[in-house]
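Below you will find the structure I want to go over with you.
When the chains are written out, they are named A, B, C and D in that same order, and each has its own residue count from 1.
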Amino acid sequence: MTFPPIRVTVWNEYRHERNDECCRSIYPEGIHGAIANALRPHPDLLVRTATLDEAESGLDAETLAQTDVLTIWGHIAHNEVSEEAAERVCKRVLEGMGLIVLHSGHDSKIFKRLMGTSCSLRWRDPEDRERIWNLAPNHPITQGIGDYIELPLHEMYGERFDIPAPDELIFVSWFSGGEVFRSGCTWQRGNGKIFYFSPGHETCPIYHHPQIQRVILNAVRWAKPCGYPPATFGKVPAPESLTPNS
Amino acid sequence: MTFPPIRVTVWNEYRHERNDECCRSIYPEGIHGAIANALRPHPDLLVRTATLDEAESGLDAETLAQTDVLTIWGHIAHNEVSEEAAERVCKRVLEGMGLIVLHSGHDSKIFKRLMGTSCSLRWRDPEDRERIWNLAPNHPITQGIGDYIELPLHEMYGERFDIPAPDELIFVSWFSGGEVFRSGCTWQRGNGKIFYFSPGHETCPIYHHPQIQRVILNAVRWAKPCGYPPATFGKVPAPESLTPNS
Amino acid sequence: MTFPPIRVTVWNEYRHERNDECCRSIYPEGIHGAIANALRPHPDLLVRTATLDEAESGLDAETLAQTDVLTIWGHIAHNEVSEEAAERVCKRVLEGMGLIVLHSGHDSKIFKRLMGTSCSLRWRDPEDRERIWNLAPNHPITQGIGDYIELPLHEMYGERFDIPAPDELIFVSWFSGGEVFRSGCTWQRGNGKIFYFSPGHETCPIYHHPQIQRVILNAVRWAKPCGYPPATFGKVPAPESLTPNS
Amino acid sequence: MTFPPIRVTVWNEYRHERNDECCRSIYPEGIHGAIANALRPHPDLLVRTATLDEAESGLDAETLAQTDVLTIWGHIAHNEVSEEAAERVCKRVLEGMGLIVLHSGHDSKIFKRLMGTSCSLRWRDPEDRERIWNLAPNHPITQGIGDYIELPLHEMYGERFDIPAPDELIFVSWFSGGEVFRSGCTWQRGNGKIFYFSPGHETCPIYHHPQIQRVILNAVRWAKPCGYPPATFGKVPAPESLTPNS
């Protein structure tokens, strides 16, 4: 059996990398570049990138119509994503597009709208060691990941994380400063699969880490639409007969 | 131990009852009146009503601040609930206010915003018998309800119902026309408890049914806030020491 | 990419088919034969059958060691499955073997042990029409299944079904006699995926129905192990240092 | 309204306290004594204790019939709990008795049978600081508990913890040695509510800690049966008529 490739759009705010020397030195091609470069060698994926400062926040209808799985990273410019673009993305997710929300994307319009909660959390500038524990060793998203991923220095994201109870809890992070965090969570919304994955502060080389890249790759494959038409809704007629037949 | 009463606000769109003779004859005091009258005899509740055509859609900040549990019914005027009112309600739910969403309230701004999905479903005008099966006999919401509630004639609401997977599935309805429906579902969002309960077409005397009243009463008690302060979020300092003490 | 085939063992009690003329006429090769014949044309599967009256209840260690996904059907002889065989199957599921439990298998030692509950339900001899509603149109198990599967005559299985809350609720059945039933449910236990699917009374030609066969095929593919080693448990040393590195 | 008291049985293996000087000095009245003493001042509870070396493992039918909520602690003698006693407890839980499983009770016959999994975990002798993070600030079990409970020295219990996905994840623990653990989890099985709470190594004064006592008190109140008769199962007749009535 051969399958058509999964069409992945790697979307990035792309501001830190242009304005901050430290971030640029880590991600000279942008965070989107690093993620896309990690995905491109895989022949089952067809990868493109998009950024906030493109037309229609980089999330125009045509791009979305040709996207099976969207990954998003944003931080300081969530409010500059247009209402229309955020709404389009949410609608596409309900239709079946997969969505991978990375790091500070927890505070994006898109994620908050799909979750219905504030998605707030606690945080501390990068001064912690983080261990991302694998709680779901049989899940497609953790394939090839061992017991945990260790990040020697990262921003702390800690509980309470104001999200709906995840459908599946994949990762829980430990921080040397004393906090824990539900760092990998899945939800289904409409026909779309959503994965939130917390690593990825802009001044740490997180997206160059092979295990982080592997999780994102796994998540993209997991989140691809099954290809079913969306359910139909609305008024339906009564049936002619429901008498059992022997 | 004595407890302060649960402050309940019964909110209703209150249009059908004023414009439709059939509906008015069933609910001369409005749907809100019927629900409030069923709740008022219980001394642990303090019941008030509010309707769409009051100031600020009947959902002003002061009313909400003094509401522990809000019940909502709406159908033909969802769009007339102001954005601000819908937003205020959602914010209060995340802070801890309980929310009971009744029948066609599935399509309200408030419910759709908290769920993050379309909340669409299939339906048919009242020509079905409905049996609301109790799947959670040990849940506070089903206290005093037996195996099922039978409605001899009701509007059909059928799957697929486009909601997030409920935290708890309380009722599943059977319809004589061949459909099933997740008719009683709970979710937690932020600090707030949410219960969706599907019975209540405006031309059927559903809210006069003692078992339906009992479910709403149970749900109000279940949904009351625990009274905790909302979680705090934001930047936190690193701890001084986390060395174990023996 | 090519994958090794999924090794499927179709296990059947195989008593009704030998003792009951009606059942034999429907399943001349046994229920296991019908299911296996439906799976065999698919080149990604390697299918064998096993039955209760074989050595070690047909569930010996070697068979299980070479099984990726096991389907089980039993009804009148649950107690004749040896304790050791039941225990072996449960252990293999926790290690990662997929398990599909069919119809009256709800009352098997294996299923009850994995669930921890009585798995009791209500039932009525075949005199109902059944509609198996698809509540999870985006799930791998419902691929190619439309809104529902209709069985013109089947045994009624009704709520309350005494199971743990499913991880995923895939199907809910409607019966013409007025009942509903959670007829398709998934759970993860240890590293193993479990799917319960209720259709399949022995005197109805359920396993010849193309959509039922499709669900079982989908479920087998869904339940296959990811191939990870089981998690390790026990005493672990303290780490040398957990100081962050900059 | 007044309610009958909740009848609580605090069951303990009660071996360490008799054989180990360190443990005895911390718990001169046994772990059960410490827990019972913490619960007794509350007038809504009626508290008794039971231990393994009493007749029928301390879990005879009459005791269980008069128990609304059972708490269990065991460690080195799980196998000495009789099969019959374990089976009786599980049956009573399915009927509606609440069950609080403490610490090394994760490896008890009772808990493993109700969960259906190995309930294995990773551990390390007491040399860690533990922070038990409250992930469910609106849950009855966390009432009066702030963001976390801190234990200056405790045995480490770490993931992977081989349990079914909890219905509700209440606490996640952080350990100074680098691990995380789902330390407070709820499940419903049959009509019974189950809470697992991991603190309580026998050589640490955990059950003298006011917040730990508060969690156990809250859990007992949460786990009390609703008082409904268990659901009935078995063969049911077809209805006379299901035609809608207008």
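The working rule: contacts are C-beta pairs under 8 Å (C-beta built on N, C-alpha and C of every residue); 3 or more make two chains touch, one makes a residue touch a chain.
None of the values given here were measured: they were computed from a predicted structure.
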Practice prompt. State the chain with the largest centre-to-centre distance from subunit A, centres being mean CA positions.
Written response: D
Worksheet item: What whole-Å value do you get for the distance between subunit A and subunit B if each is reduced to the mean of its CA atoms?
Response: 31
Practice prompt. Would you mind pulling out the distance in Å between where the CA atoms of subunit B average out and where those of subunit C do?
Written response: 37
Worksheet item: In subunit A, which residues are in touch with two or more of the other chains?
Response: 127-128, 137, 147, 160, 165, 167, 176, 178-179, 188, 231, 242
Discussion item. If every chain is a node and each touching pair gets an edge, what shape is that graph: line, ring, star, complete or other?
Written reply: complete
Fill in: Contacting residues of subunit B [partner subunit D, same complex]
1, 44, 96, 127-129, 137-140, 142-143, 147, 152-153, 168, 176, 188, 191-193, 225-226, 228, 230-231, 242-246
Item to complete: Quick one: which bits of subunit A touch subunit B in the complex? Just the residue numbers, please.
Response: 90, 94, 113-118, 120-124, 127-128, 156, 158, 160, 162, 164-165, 167, 176-179, 187-190, 231-239, 242
Discussion item. Applying the document's contact rule, which stretches of subunit A touch subunit D when the two form their complex?
Written reply: 131, 133-135, 137, 147, 159-160, 165, 168-169, 172-175, 178-180, 182
